[in-house]
Amino acid sequence: MSPAARKRIRKVALPPGTLVYVGAERAEPVRISVIHYDADRIEQRQVASAGEAADFRGRPGVAWINVDGLHQLEVIEELGRRFDLHPLVLEDIANTAQRPKLEDYGQSLFIVVKMLTWNDQAARVESEQVSLILGQDFLLTFQERPGDVFDLIRDRLRNDKGRIRRMGADYLAYALLDAILDYYFTVLEQIGDRIEILEDLEVRNPRPETLREIHRLKREMITLRRAAWPLRDVVNSLERGKNSLLREDTGVYFRDLYDHAVQVIENTETYRDMLSGLLDLYMSAVSNRMNEVMKVLTIIATIFIPLTFIAGIYGMNFEFMPELGRPWGYPAALGVMALVALAMLIYFRRKKWL
Amino acid sequence: MSPAARKRIRKVALPPGTLVYVGAERAEPVRISVIHYDADRIEQRQVASAGEAADFRGRPGVAWINVDGLHQLEVIEELGRRFDLHPLVLEDIANTAQRPKLEDYGQSLFIVVKMLTWNDQAARVESEQVSLILGQDFLLTFQERPGDVFDLIRDRLRNDKGRIRRMGADYLAYALLDAILDYYFTVLEQIGDRIEILEDLEVRNPRPETLREIHRLKREMITLRRAAWPLRDVVNSLERGKNSLLREDTGVYFRDLYDHAVQVIENTETYRDMLSGLLDLYMSAVSNRMNEVMKVLTIIATIFIPLTFIAGIYGMNFEFMPELGRPWGYPAALGVMALVALAMLIYFRRKKWL
Amino acid sequence: MSPAARKRIRKVALPPGTLVYVGAERAEPVRISVIHYDADRIEQRQVASAGEAADFRGRPGVAWINVDGLHQLEVIEELGRRFDLHPLVLEDIANTAQRPKLEDYGQSLFIVVKMLTWNDQAARVESEQVSLILGQDFLLTFQERPGDVFDLIRDRLRNDKGRIRRMGADYLAYALLDAILDYYFTVLEQIGDRIEILEDLEVRNPRPETLREIHRLKREMITLRRAAWPLRDVVNSLERGKNSLLREDTGVYFRDLYDHAVQVIENTETYRDMLSGLLDLYMSAVSNRMNEVMKVLTIIATIFIPLTFIAGIYGMNFEFMPELGRPWGYPAALGVMALVALAMLIYFRRKKWL
Amino acid sequence: MSPAARKRIRKVALPPGTLVYVGAERAEPVRISVIHYDADRIEQRQVASAGEAADFRGRPGVAWINVDGLHQLEVIEELGRRFDLHPLVLEDIANTAQRPKLEDYGQSLFIVVKMLTWNDQAARVESEQVSLILGQDFLLTFQERPGDVFDLIRDRLRNDKGRIRRMGADYLAYALLDAILDYYFTVLEQIGDRIEILEDLEVRNPRPETLREIHRLKREMITLRRAAWPLRDVVNSLERGKNSLLREDTGVYFRDLYDHAVQVIENTETYRDMLSGLLDLYMSAVSNRMNEVMKVLTIIATIFIPLTFIAGIYGMNFEFMPELGRPWGYPAALGVMALVALAMLIYFRRKKWL
Amino acid sequence: MSPAARKRIRKVALPPGTLVYVGAERAEPVRISVIHYDADRIEQRQVASAGEAADFRGRPGVAWINVDGLHQLEVIEELGRRFDLHPLVLEDIANTAQRPKLEDYGQSLFIVVKMLTWNDQAARVESEQVSLILGQDFLLTFQERPGDVFDLIRDRLRNDKGRIRRMGADYLAYALLDAILDYYFTVLEQIGDRIEILEDLEVRNPRPETLREIHRLKREMITLRRAAWPLRDVVNSLERGKNSLLREDTGVYFRDLYDHAVQVIENTETYRDMLSGLLDLYMSAVSNRMNEVMKVLTIIATIFIPLTFIAGIYGMNFEFMPELGRPWGYPAALGVMALVALAMLIYFRRKKWL
């Protein structure tokens, strides 16, 4: 439900900078890959240790070091030592319950964002923390588990598509953030589809399952909002960023990124409004239905109750009931009943209940 | 429902500046028209290619180049090359899922707004992206499909009405934005009419269709809001704009435009309030109705159930029921029934149920 | 409902500054009256034409020119020419769908406010646009129809009450705005009275008409809010106004006016809260009522249904029903019925339904 | 309901500075008391006229002049003349429909606050306007009626408790405002008690009276909010006050006062939340109750209606009904009825209705 | 419910700086403990009097003086005298109804926060005031009752874990605030668990107890919010703090603390949203249930009422009812009944009620 609260609890009054891994246990080793490139060349390698990866630092060109998996804290610590990272940064990388944020440490920028994906089986949004550390000529990225979102950027680097190879580490950070943000739109699309299906279902036949689904989607929207709003602030800070790590010509790309973040938020709010509208529609469909049920009951009951009463009267066993002996008694009784029923029907028609 | 999210999904991790057309497929070719004018002369021409249109650039006077249709990306690209537009601008022109926005590229201003029209058959608001690029002596405009809103401005240019011919490209941009905003009022009028009709219907007879209509109008209001709020920000930036492309004497017109944008937003919010009020009214009309139904059932049932019980008693076949043999038995039983019914009626009258 | 949207629609893509009168057709001619005064003298005259009125400009003292009726556009145009007014100002005077606003044209201040009056027959708020143009030594005022609110100020001028004759045109503008704002309080009082009556009615007997009245008052509050909030901004700008037309010693009066505007808004919001409270009260009164109805039905039905069943059993025509032949059969059956009824009553009392 | 609106109405278009008393008529004369003190001495006197009180002005030490009752406008006018007060100040003192506010007149500060008391008989908050005028060496205070809140400060002055005698008029103003604010906490305590009682009642047995009480308390909260929010602004202005009348060492006391004002507002908002929660609880208790009623009705009716039908069948008078003649007919019919009833009970138990 | 309002009431118009203890009466004496440390040494002592504790002031290193219990006002007064604390600070330490706040007295910073703990028996949040006074080389802390949260910090000091011994008093204050904030996460975890349990319960079977529990949790969230929001402001002020008591290298830790505070607030708001969602779910589950009950009643009643009526007809005692004498009469009547029942069932199936 609230993994953030769950996870943090394992640490009470520990000294700051104490690394605590809060994710699921994992068996496979942490995978570290390095891509080192400039406009002319690109070198991609899978390295065995943090130290080996750190050797790329300082060479001309841009070094992108990506770590998949956070469960080997010594890897993070080693990278921290080699890249002069503040202990609090390392703590935040390991503890994946962070809010998206941007922290400026002068020599490096520390960025935390949430990668969202749509799990179609569970029909829910899954969230994973991605940490980026942007230096003058390097970019460190940390993911909780290997994912394919960064592969697309690796392809663009390898194939030298767009301007990515000719620009610095800040543009690489932009490209990664842009790819992450694109996934938000994918998630929104999935939710949008489900809302449309719900709307169709509801108009035809409101059912408790529909309600539960609306409720569930509303909760998924909370996850989305919690990831998107602070992400917008992060991108906004990057756009207006005065840090020398952000070159001026990258600014326009971050402005574009900011536009996308605002679009995500707007769609999120629109979907929230639509889900609230669906809830209202559902509630009123239920009460309409109830109304209809009540009307049928009322019509049947109010027509037959008086008739049954009349039948009851002539079912009494009094010896002196003159009507009972008359030949016209039975047809007359039936006639009276028909009249009463007719009067009732006219009354209902007038009330517009029929 | 949310075309923005739908459309964007087709592009994940593509390099920025990649043009993607996200609209419907179209067969007819893109239409490019140029109007070149100054206070003394006006020349209007339909041109075959982007290159031909670009030749008007740099001549004395104002060149207005309008492109109807975005499905030929090479036209946009060619114009971009000839007018020195940033790749991100071209991407945003082609991808019509943008929010209304104003971007200042120094030599040119890039403006995206939404043109709204009321589709009376579908009874819904239709939205189309209009992009404007304002330069020193030219104005580029892009529409998704040919529309008549710009024709009115063309007439004013041709007939030299008002001051439009004596002012620069910024005033032309103002005139176009003003015409677009005038359509918002038309849309509002249509929605206002429908709200009034709904209100009348509801007071007379609440029906599930009315509810659905309210719900639908509420959703159309979301479209309107999403177009109008950022439009206000765009116009506000133009009014306070420090860019040299905006002459000082045009400022007062943009202030007027801003007033209109605020008026649109205010009306939108008022209609939202009114639709919420209608929803409340509907819900309480439904529960009033239910109440009435229940009362009728209760009155009929509570009067006849005891009477039927009395009839039931004297329908029992016990041998020793002295009343049955008495001549006054039958009238007495009827009398008791009448008394019970009367007591019930008095009780109901006292409770104000009758 | 939304006259603003209605009225504006008549103008799509017309050049700015085109005068369009959007009010009702009127037969009587426009009435122009001039009051010219200083501390020593006062001259009041009804003039035939705009030109005659404009002749008062530039004489020592303050000239107050009031125009009742906007349907003769040539009068407005002539005054505009003589007093050097911007075409957009003239357009806004004629098109009475403006929001209250203050526009600073350097040589003159243009103020638009709404005059509210309570129409007791229709039980609704009526709104009329009043435009003021404040110059160095003159004040132009435009009303849609002649009203008595300005007469009170005329009396004060004539009788030299207070300091009005010894101060400039800005103080006159203050006095007029103050008088207009006083009417807002009158309107609020009327609405306050109606809310109190509604509250009394509701506590005694909730009825659908009450609901409709609450709904209607809520809508009148929207009109009030739409007039009052921007009016506050206008007065606030006047108070903090840096324009040389506003003398420093008038500032304290505008501060007082601002206080009154805030008071109006506060009362408006309070009434909105109270109307929402009334709506809640109504809805819960309705469901309370329904509850009571249901209880009566349930009690009657659940007591008599089992009794009727017992009577039904002994109404069966089986030949071998030994009880039927016994002398104690009938009293025993009645006794069982009484016991069942008693048990039911005890059960209901325990459940606190009785 | 809204005394502010009621009271102001009596004045339409009167010149500003016209004194209008809007409170209840009073017979007793206005009481003017003067306390003149410095660190060494204190003199307390009841004076007969405003002039006599004004004589204390200018003597070394602090003069506190308190006026109980506003119905003798000449007293206020005389004080205004003697202490050089602006006509608008006098108007605001007399017209007790003011919002709490702080106005800086350079030589003096004009403070309006609301004194709240809890009327236990009517179970409502009562509000009284208190006006303070703080000068260099004097403090004028105006109350609508004599109250005991200032007596506690008089005691502290007389007994030289705390630092009150050693500080200036601004500290005296602080002490008075602090005492007034303390009464807000008393009012909150009373309302808190009532909310707790309501909560207890509701859990046990929801009744329409409870609802009415919640509604009433909500309205009292409006009064509290309307007094507390602007009071916070007043105190905040005093804390940050740059006026030379406020000595620097008094600042820390006004900061403390500000804390208290914020606390009052927070409690008010908390109570509002709690009352809304109570309303929700009430509404759902009502529908729970309805649910229970419906269930009982449904169970009784659905069990007995089929049984009565079976009895009805064997009550028919057909000559050829073979079952009627069999000795096992009657017990068999009873047995079938028992089976039907049993099946129904099992069904209900399964549905968890029993 | 609102202890703040309750407690403050005991003091009306007392001079500021008057110490009033508002907590529960306690028998055990106040416990004062001193820890004096620098990077090399640490001394921990239990002292008997405030004077003895104050002797540690001014020695090289950091002196942390902790007071457990506030019921001996003379201890607080003595410490105030020895550490030059403002009377208002002492008043706020003793009166535990303060909002969290930060006050800058130049030579010292006064910080008030709330320590929250989860009382599992009562299933509610318990709040305790913790006051900190940060000086150049000392830190005074006051708790209402001895707790174990500070023990963890004492351990870190003793065992020289992390950098705590090498940094100043400001870092100690940070460590204490961080430990307090960690407890907020513990509380959030408990509430999160309960919300999940409620959600499970509700989906299976909505019951009035669930409603009451939701209502109760919502109220606990109010306590949390009231503690967390101002705490965030306190930490924010510390982070941006310009006071010389806060060393620059501690800034990054306060920024981390601020992140945690924002996380607490976000979780709080998320839980509030989820509780509101649960309330909606509950209300609609109740009305779904009602709907189902009504349907069963309606189906049973509408099927059997007409059948009973038919049986009633042939139970009439008219002498001339030809059907009664026919051998096929009885089976025909039964057949008609079966047909009617069948028609009803088909109707219900069509309406999707079955």
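Order of writing sets the labels: A, B, C, D and E. Residues in every chain begin at 1.
Convention: contacts are C-beta pairs under 8 Å (C-beta built on N, C-alpha and C of every residue); 3 or more make two chains touch, one makes a residue touch a chain.
Just so you know, these numbers come straight off a predicted model, no measurement behind them.
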Joint neighbours (chain A and chain D) are E
Between chain C and chain E the C-alpha superposition rotation, given in steps of 5 degrees, amounts to 145
Averaging over Cα atoms per chain, report the distance between chain A and chain B in Å.
26
Expressed in whole Å, how far the mean CA point of chain A lies from that of chain C is 42
Residues of chain C that touch two or more other chains: which are they?
287, 290, 294, 297, 301, 305, 308, 312, 315-317, 321
Sites on chain E touched by chain A in the complex
149, 152-153, 156, 161-164, 175, 178-179, 182-183, 185-186, 188-189, 192, 195-196, 203, 252-253, 255-256, 259-260, 262-263, 266-267, 270-271, 273-274, 277, 280-281, 284-285, 287-288, 290-291, 294-295, 297-298, 301-302, 305-306, 308-309, 312-313, 315-321, 351-353
For chain B, which residues count as touching chain A in their complex?
1-2, 4-6, 8-9, 11-13, 15-18, 86, 88, 97-99, 101, 103, 205, 208, 211-212, 215, 218-219, 222, 226, 279, 282-283, 286-287, 289-290, 292-294, 296-297, 300-301, 304-305, 307-308, 311-312, 314-317, 321, 323-327, 329-330, 333-334
